[in-house]
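Just below sit the structures, each encoded as structure tokens.
Paired with chain B in one complex and with chain C in the other, chain A is shared by the two complexes that follow.
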Partner chain A sequence: MSFVNTLINGHNGGFAHEGMTPMQKIALRFVVLGVLFYGLAAIEGMMMRVVEITPVPAIDDTHFFSIMTVHPMVGVFGSTYMIVFGAFLFLVPFLMKKPIFSLKLANASWMLIGGGTFIMWLAGFIFAYSPLYTLYWPLPADFSQFSVIGGLFYVVGVALIMVGTFLYSYNVFKTIMYTPEGWEQQPSMELFKDAIGFKAIGNFFKGKKTEHIVDLPVAAISRGTIDVGLNAVVITAAGVLLLIYMGGALLGSNLEKTWVDALLYKNIFWWGLDLIADGLVLIFVAGTWYILAMMITGKDLFMKNVARAALFVEMVVSWTVWSHHLMSDQGQSNLLKVLSGEMVTALELVTQGLAVYITLVTLAKARPLKMTNELKFLLGGLLGFMLAVPAGIIQADLGMNRILHNTQWIIGSHVHVAILVGLTMTLYAAIYLLLPILTNGAKLYSQKLATTHFWLHLVGGIGMGSFMGMAGIDGMLRRSIYVDGEYNTYMILAGACGVLLLLAFAAFLFNVVMTIGVKGLIGIYSPAKSDTRDCVPAPQEA
Partner chain B sequence: MQYFIIVFVLVLAGVGALFVLEDNDVLLTLTFVVVIVGFIFGVSRIAKEK
Partner chain C sequence: MADSIDVLATLKLVYGIYAFIAISLIAWFGFRITKPKDDQTGPKPAYFWTYIVALVVIGTGLHFLTYAAVPWVPIDLNRADIEVDATFDITYEDHQMSFSSFPMQVGCGEHVVFNATSNDLTYGFGIFRTDHTMVAQMQVVPGSTNDLMWKFDKNGTYYVRSTEYSGPKGARMVARDAIVVTGCDQDDVRAVAMGAQQ
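So, the complex of A and B:
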């Protein structure tokens, strides 16, 4: 088969998108957009890496900080949210053997989150809105520095993302709890209590044995989705606050005298933002590890009751750790710094350590296992969090925080290793595992490209994070441009690793496109021919 | 529907808290508790829908 033919029609004829269920198409629509936004975030990241090495005339300071403002938003909401939501909207009904509550809501979710991310990105690209994604008050409302229209685009984009997020969370919980037509009445309240973890707690205090009616992976998705919702409440509140000041600016009123307290704002904003970093990411990742370990081995999870309890503890911990982001704020109370910032944060080493241990033992007990792509990437994801979580605990120490706060260590050794190696490799494992299920058995175009993808991503991700971290220990601040090449050795090495990450993504994208073909890709976005709400086609349809 | 109304109220409460709360750790913590309990209550309303 010629190259062009494979490119258009896919490997071995690609996959017959005509035979796909609406649910398969929706999941793939989320994933394809998520992968494309990952590519955008990777290119943005590489542009910033180049500027950190040498000035680039085409990227001035304003452009640099605009990219820096939207880069994490594109990565988190445009890519991670999309891939995770698509996978979970498919997996909840798939694992519960129950139709999804609403296909329309699921379709609305990917359109709103995808469209919102694009509009938010335009705020930086066209209007150079660049108060950085942390939106430290009063920067986002300082319209002497940033344009009101740019801010308006940014808020509208984020608002659409949040609406899509609320629709996703409603759809997931409703799917767990509702009674499909023709089914025996479902115990909605009991399903809710078991999904969140209240049932087990109640039984623990009553000394009763708990019979679970919601499987562990669905319980993990539910608990992570609680943090998704709480985060969306806070981000939406920040958006409404911004709109108030934008309205004032557009009407010609200067509302500077009514600016809210910066430290209070930072506490509330970080409480919400941290529900992504220390909440839904860790819970969703642990849940995904468990699903992957069970599907790869075909065996039950090791210590599954402990895993379930640890997920609940992780959820509660995630509500109370925000103060580790305010350890260097002079006005923050010492009580919150020590209790929330140091002590509760340290518990994450226990909860995430348990998740790593349970996953590894489940895999080890099922040996010999074939080193498939999903297993390779799962091990990479585990390694990523084994590196990034301790890095986070090190910086959540009042003494170490004096040295590491606001340096490249934070964003390199901790954030980028957690996201690029831990989270992204876990998501790649899920994509490799779900690809044949979602495409009714499409065969991967090239195993060599998949292996190349794995090694380039692993080495590139750990390498880039490590060299950024080393620069941070030597004093290089984050969100700063050094024009005299003070940290050039580290920045050149980090840049080289960034190139490996880009090449890894190119190998993956090329492999996927050649697997399903351009026709198949377009077909994913055409309406499904069957109107079933089943996840996969019935055997006679397949 | 109640879920979305509760979410809307919580968002407004969050904005209001920024203007009302002052430098008080207890009130700040209570705000977080209210948002958590409120949101989980909102999710529980989904189970009650017909």
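So, the complex of A and C:
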């Protein structure tokens, strides 16, 4: 088969998108957009890497910080949210063997999150709105540095993302709890309680265990979804606050910034953001590891009751750790710094360590296993968090935070290793695993490209995070510009690793496009011919 | 007495060793997982509980260790009860730093307080050596108390830089040779005068 033919039609004829269910198409719509947004975030990251090495005339300070503002937002909302939500909206009904509550809401979710991410990105690209994702008060309302219209684009974009997120959360919980037409009445409240973990906690302390009615993977998804919803509430509230100030500026009245207490705002905002950083990521990732381990081995999870309880603990921990972001804020009370910032945060080492242990033992018990793409990416994901979580615990210490806060250590050794290696490799494992299920058996175009993708991403991700981290140890700040080559050795090495990450993504994208073909890609976004609400076609239809 | 150079060098060494062990462990696991094994029972419960206890001890023990070994931790937590030898006021406004005295002359071993106030945005107050390694930093939040108590044990000249992003205009807020420490037996060879300019 010629190259052009494969490119258009896919490997071995690609996949018959005409036979796909609406649910398969929706999941792939999320994933394809998420992968494309990942590419955008990777290019943005590489642009910043270049500026960190040498000044680029086309990227002045304003442009640089605009990129820095949208880069994590595109990465988290445009890419991670999209891939995770797509996978979970498919997996919840698939695992429960139950139709999704609403296909319309699921379609609305990807459109709103995708569209919102693009509008938010325009706020940086066109209007240079750059208060960073942290939005420290009153910077986002500083209209002497930023345009009001840029702020409006930003808020509208984020608002659409949050609406899409609410719809996703609602759809997930309704799917778990509702009674489909023709089914006998489902115990909604019992399903809800089991999904969020009340039953698991009770069982942990009881001699006689109550039987679970929600499988562990669905319970993990539910607990992460709670954090997603709570985070959306906080971000929406911040958006409303900004709208009030923008409205004032548009009407020619600059509202007093001191109406809002900057430290209180920072506490509330970090409480919400940590629901993503420490809650959603760790819970969803642990849940995804469990799903992957069970699907790869075909066996039950090792210590599944402990895993359930740990997921609930992680959810509660994620509500109480925000103070580790305020350990250099001298107005913050010492009690909060020590209890929430240091001690509760230390529990994340335990909960995440438990997830690593349970996943590895589940895999080890089923050996010998074939080193498939999903298995090797899963191991990469585990390694990413084994490196990144201790780095986070180290900086959540009063002694270390005083000399590490806001340095490249935070964003390199902790954040980028957690997201690029831990989270992204876990998501790639899920994509490689789900690809044949979502495409009704499409065969990967090239195993060599998949292997190349793995090694380039692993080495690039760990390497970039490490060199950034070393620069941070030597004092390099994360939100400043250096023009005299102060950290050039580290930055050139980090940039080289960034190139590996870009090449890894190019290999993956090319492999996927050649697997399903341009026709198949377009077909994903065309209406499904089947009107079934099942996840996969019935055997005779497939 | 340990300073940030000593603490960060220890971090680099300890974390480097840990990272090597973690990478090796996963590589070994990845190799072993493809090989057959007769006994497919899980590990003994004793291993599991040892592992959990180790995680708890390491996670919380780090904080007790730094409280005992890193001099600025007890100073920071108890600064309300420690007698102050000198206070320096730093005011932030319109992406400018202004100092109550410049340079800030500090005697060796004195407990000095850097009291920063912001009249508009959130900034940062960071003390750096000439080779750009960090001595200490704090956030400078408007409407909030931002007081950093510090004790210098080496002679040196340090620069101050805003460590928090306050918009594109604040990307290079630096005050060279802002702190001069004298009277110690030992010099900080990484902290020499750069030529004062703001």
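The rule we apply is simple: the second predicted complex is superposed on the first by the 530 of 542 C-alpha atoms of A that agree within 3 Å, B and C clash if a C-alpha of one lies under 4 Å from a C-alpha of the other, contacts with A are read in each partner's own complex, and residues count from 1 in each chain.
Here is the rule we use: contacts are C-beta pairs under 8 Å (C-beta built on N, C-alpha and C of every residue); 3 or more make two chains touch, one makes a residue touch a chain.
The structure displayed is predicted, hence computed values, not measured ones.
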{"item": "Superposed model, chain A: greater residue contact from chain B or chain C", "value": "C"}
{"item": "Partner chain in contact with A:L263 - chain B first, chain C second, else both or neither", "value": "both"}
{"item": "Touching partner for A:F173 - first (chain B), second (chain C), both, neither", "value": "first"}
{"item": "Touched partner set for A:P390, first chain B, second chain C, both or neither", "value": "second"}
{"item": "Contacts of A:V240 with chain B and chain C, given as first, second, both or neither", "value": "first"}
{"item": "Chain B versus chain C as contact partner of A:L230, first or second or both or neither", "value": "first"}
{"item": "Where chain A meets both chain C and chain B, residue numbers", "value": "261, 263, 331"}
{"item": "Interface residues, chain A side, partner chain B - complex", "value": "166, 169-170, 173-174, 177-178, 188-189, 191-192, 196, 226, 229-230, 232-234, 236-237, 240-241, 244, 260-261, 263-265, 267-268, 271, 319, 331, 333, 335-336"}
{"item": "Partner chain C, residues of chain A touching it in the complex", "value": "61-62, 64-65, 130-132, 134, 136-139, 142, 145-146, 257-258, 261-263, 266, 302-303, 326, 328-331, 334, 338, 342-343, 346-350, 353-354, 357, 360-361, 363-371, 375-376, 379, 382-383, 386-387, 390-391, 393-394, 397-400, 402-403, 405-407, 413, 462, 466, 470, 473-477, 479-481, 486-487"}
{"item": "Chain C to chain A touching residues, read off their complex", "value": "4, 7-8, 11-12, 15, 18-19, 22-23, 25-26, 29-30, 32-37, 40-43, 48, 51-52, 55-56, 58-60, 62-63, 66-67, 69-70, 72-73, 76-77, 120-122, 124, 126, 128-129, 131-139, 141-148, 161, 163-169, 171-172"}
{"item": "Chain B residues within the chain A interface of the complex", "value": "3-4, 7, 10-12, 14-15, 17-19, 21-23, 25, 28, 31-32, 35-36, 39-40, 42-44, 46-49"}
